[in-house]
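Down below are the structures I want you to see.
Paired with chain B in one complex and with chain C in the other, chain A is shared by the two complexes that follow.
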Partner chain A sequence: MVRKTLASATFALALAAGSAGAHAEDAPKTFTIGAHMPLTGTLARSGQAFDEGMQVAVKMCNAISPKYKVKVEVIDDESTPAKAVSAVEKLASSGAVAIIGGYGSNIVGPASDASDKLGKTYITAGAVSDELTARGLKTFFRINNNAGYERGIATLLTDLKPKSVSIIASTKEAPALLAAGLDKDLTAAGIKVTVHKFDPAITDFKPIINKIKLQDKPDIIMMSAYENDYVGIIRAAKVLKPNVKLIVGTWSLATPKMYTEFPDLMGNVVGTSFLPFPVEVKSEEGQTFAKLYKEMYKKDIEYLSTLSFVETMVLCDGIFRAAEAGTLESGGLSDEMRKTDRDSLLGRIQFDQTGDNPNFSLSMGQHRDGKIVLVSPKSAATGEIVYPGLPW
Partner chain B sequence: MTELVLQALFSGVLIGGVYALVALGLALAFGAMRIINLAHGELVLLAAYMAYLVESRTGLDPYFAIPLALIVVGVASWILFLLVDRIKDHRELNSLILTFAIGIILTNAILLLFASDVRTTSSAFLQDAVSFGDVYAMRGELIAFVLALVLMGVLWWWLKSSWYGRAVRAVSSNRGAAQLMGINPTRIETVSFLVAGALASFAGIALYTMSVVQPATGHALTVKAFIITVLAGVGSIPGVFLGAVLLGLTEALTVTFASSALQELAGMVLFLLVLFFMPNGLFGARARRG
Partner chain C sequence: MSHSASHPAAGSPAGSSTARGIALGAGLLVLALVPLMVGASPYMLGLLISALILAGLALSWALLGNLGGMVSFGHAAFFGVGAYASALLAARLNVPVLLAIPIGGLFATLSSLAMLPALRLSGPYFALAILAYAQIFRILATELDWLTGGAAGLQRFPSLPTVFGLDLSERAGSYVLVLACVVLFALVYVVIRRSHVGTALRAIAESEDATRVVGVNATVLKTWMLLLSAFIAGVFGALNAHIIGFLEPDYAFSGIWSVMPIIAAVFGGYRTVLGPIVGAVVIYLFDQVVAKSLIPVGHQILLGIVLAVMVLVAPNGLSGLVARLFPRSEKHHAEA
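Now for the complex of A and B:
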């Protein structure tokens, strides 16, 4: 049944593109895309979500292109940099025309270095450190960055005009970088900021929350962390009940999945988001992605899957363009990628000289009884923010 | 400031109790067989996932998963023992490698079976706040702490007073002499591993009720349990409790007076200091009891 539905959707896509049968007599040329993903290890949750979005994108790319096809070869990097480097080398030697990177700046950094040395184009949606683009690699591209997350959160927080904000930040690279940027932005806006860094191994957040409750007394608690940390922090806050008005977080927080799994913790919590929930996708590409994703994985599109979907679509476009221009085999893919200018579920995608996407910016979504309402920026809002609003 | 310190002390003692519960099984196997079971954290994790399974499928409180966890973790422990028992040469070193490998296999099996998502209890009863004056805890934490105390008492009594307990201590002291006294060392070691598995079952369920678990959690649990076992001194049950509470207090006070980023570092510094000044641990060989 699923296969039949997928086949129908694929056929419909091909028809929509107006190209079905145009080159039916030519055997399509297939290119291999290599991918290293943390399918096991500490980042397995992210790696598996990335893999799902990538697989849907490959299906869609193949459906709309009669002349060229792509297949993806995935290697589990086990959430470690050394395995990621070895995966890149193996994928390059087995003929991959480009590499899709995994998750975490500390892993993507050495892996993209290795890819650059091998002359392979490397794209990622899972590494936001500024150091990655500062290297000036000609083969490195990414669709999201720390600046985009920082902009989205800082816009919301400054609009709310709190007197003070306490930031609870993991010492991992990306959350620490975001916390440092927000500290700077909010302090410049006249807001008192206190940052509490924590070791990722921490399980009991009550001592931190108690410090916030008794010493900082902020209006807003901001979490720059990951899913397991969010649960621990909000749970500790529910126990100690600090006198705050709002709890804000970052990636993978304002998602239907978080509400489904932790409904008692998510009420009124705000996090970065692309889309409201129930999902309202306006573009044809987004609607097809949402439909295929649901068919393949029996769930609504996820935050991380959306990121990997977009990066894979962008890469496919580049590969097809380079193949058409006849430059793919001679290393022309990176030049073609630099010409990218397309709309996506994340907005407009372009790459600057460092390979970064300068247009990346996010909305902020608030959990409301199982729905996610976009509350910031005003231009993207689908509703007013509940402020003060807490899970308890 | 008093309120802050009291909460830190209270949280430190509570988390220490749970650390002790996690470490007990490792300490028992280490004490009885001189085997550091590096898959112990994964056994604890397996029990936590049994709690998740029962809670998500039946809606029952996670503690109803105890029988299932005892069976599943018990079988896993038994298989683990059978594999370890096949090692004839350099048992202490080779068992380290073997149990480390089994830990990896278990982690990935859990990943395949339960996916990589973050899991924790959804029980409102266990998540409710309980206050004692100015200090607060989750009900799940208090239950886990009491469970840790009870299990430590039972284990201490078992090792001290029961025939099997005395046999475990005898095999631990001198395997050959114990055999000459009519004790079957293999049977006693099997019992030790099964009891360690039972302790891991309780620890896993307690962990699930008060913290979050995911497949990668197991290794961190093993490291924590190992630190506590060494802090305590080989074979000391009261030492495990005191070592765990000391570690919990050190971590909580570090968060309160310094930075939460230094919490794990403070624990490791404590570990090194104890090793440096008291190489046999806080309750090392001379003071060993139980």
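Now for the complex of A and C:
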């Protein structure tokens, strides 16, 4: 009786083990992607938006890949370089195959250095400093850069042929870099440029606007700054009403959110943009992203979420290709990333030897009664620019 | 006033206190070397390095507060100046990094000379003046872009070198270097504290007018403490810069470098030498390891609660709490 029971038990165990083994063979292999984001601290809002785009991308990657899956482990870097480095080290030690970087060159620089030392591929959409790609890291990739923003804005401004432009620039790293580049480009195009730098701590822009109104008398005011600064600058301009024809800004300005929160300030204001609003996405991938994003977060896709969506999709592609080639474990991911050549919501994505995306360029969108019309470059335009056009 | 200073004639208790201090310091040093012996991960060593950088800064703050009687809200200025000076010297003039770091400290000391007029102030007025200095240095670092790289900062400057086969730029090497610096400055602090100058300084902190009456030049002594405190903060700023490998004005002169050392020193007990060091390590590791694993986003709330409880329960910090929990018996003193 005992022997019979033991035999039955052994058979049952063998069956269970066999079935488990077969199940393990069929089960898709899951890879962990590590990410450090500023979920608290001064850049928390940006980090949150990045996280949202990343989560949608992971969902989409998993839906289209039967053989491999990815999961993402996010650590809050608290907008601090040392904590971002710690996050990278922790993620690498817990088995992450690659790292998605956070926001700001001050964070991404040290974190990507640490990632390189650990031999982990690192991708970012939140750091535009030229210094990052000058380091010669073989594991570093980014999909956007200062040159792309500069090209998008300079194209619009030179097409409008203004006599002079006043640039109001935050002394923070990315806006300062952009302002310097635009100063050079526009001056080379024969446009008179005056740059007014301001400390990010200031909130009253009336003295700067007054100076622009009385001294510069430009055709266009260009803002190289962030959301809170735009609001302060346009509010001051609305009070002092300088005799200009257009107000142009950069990132996170031509967004539905800005119009919803400040409808009285956004009329005819122009900013960098990927897509018109209401969102009109032509590609299948973009449509799925917009639909899933709305389902998950009950809102339309945002600027920063789109950036992180694209970088995550590009990374997933690379991981799946490297896994298929059997080189993922042996450090082949960076080589696969370098072979990237795909279309995306940002246009064509490729990486040069420095890890930069040479194709990155942005369209310019104009706020029009709650809608955003793409007005530049002509190849991407969905409507004509209103020029002169002001919020007052 | 400390126990030993209160009873200078009682040789035995003072000797016992010294022996106990040496034993405690040696014990903590051995404890600090455990992560290397057990082969801690780069992640854990990275956390410890950050904690020790904070410890060094907290020590420099406590030295100024405890011996100089000055409450500083602007140590970020010294930290940032040391960081920039060292990074620029190494990058532009090819000064060896291990030499650039103490020179960075000297630059921080020089920068503190600009604060000498503020020594005439006391209490909140001194604190506010030094806070303003920190802002001035941040703005200078942003505006002098031909030198500092402006808002974009510096990203390409030499990291720590390899010495006697030990790569100081690797986590283990950096840890040893930062730990050695903390130990060195703690010993300097102990030596000053136990000297006649230290006694005079503690007396100044209690009552400046009274010490002036007995002929102590309070201004000169306070100046020396300010210079030394700035030097220590500058050295740790320089170390941090070469370890992180990036500098920008908002980071180098961040208010964090002014506030965190105060929290660490008060938490550990700023009246003692070991208090600020232990306080910095405990709060940093508690925040990053314990609190962050419990509440991944917004874990600072736990740290805030712990700090609030600590201030209420033990206003003299961890060292005060330990002294209260393990009081030295009179019998033990008599025997010693």
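Assume the second predicted complex is superposed on the first by the 367 of 392 C-alpha atoms of A that agree within 3 Å, B and C clash if a C-alpha of one lies under 4 Å from a C-alpha of the other, contacts with A are read in each partner's own complex, and residues count from 1 in each chain.
Here is the rule we go by: contacts are C-beta pairs under 8 Å (C-beta built on N, C-alpha and C of every residue); 3 or more make two chains touch, one makes a residue touch a chain.
Model, not experiment: these values are computed from the prediction.
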First, second, both or neither for A:E329, with chain B first and chain C second: neither
Chain B versus chain C as contact partner of A:A82, first or second or both or neither: second
Contacts of A:L214 with chain B and chain C, given as first, second, both or neither: first
Partner chain(s) touched by A:T40 [first = chain B, second = chain C, both, neither]: both
Partner chain(s) touched by A:T171 [first = chain B, second = chain C, both, neither]: both
Touching partner for A:K238 - first (chain B), second (chain C), both, neither: first
First, second, both or neither for A:T203, with chain B first and chain C second: first
First (chain B), second (chain C), both or neither touched by A:D369: neither
Partner chain in contact with A:N228 - chain B first, chain C second, else both or neither: first
Residues of chain A that lie at the interface with chain B and also at the interface with chain C: 40, 171, 199
Chain B to chain A touching residues, read off their complex: 3-4, 7-8, 11, 14-15, 107-108, 111, 115-120, 122, 124, 127, 129, 136-138, 211-212, 214-216, 220, 251-252, 255-256, 259-265
Contact set on chain A toward chain C in their complex: 39-40, 75-76, 80-83, 85-86, 89-90, 92-93, 105-106, 109-110, 113, 118, 129, 131-132, 134-135, 170-173, 175-177, 199
Touching residues on chain A, where the partner in the complex is chain B: 40-42, 44-45, 47-48, 79, 171, 196-199, 201-204, 206-208, 210-211, 214-215, 227-228, 231-232, 235, 238-241, 257, 261-264
Residues of chain C that touch chain A when the two form their complex: 41-43, 46-47, 50, 53, 139, 142-143, 150-153, 155-156, 171, 240, 244-246, 248, 250-251, 256, 288, 292, 296-298, 300
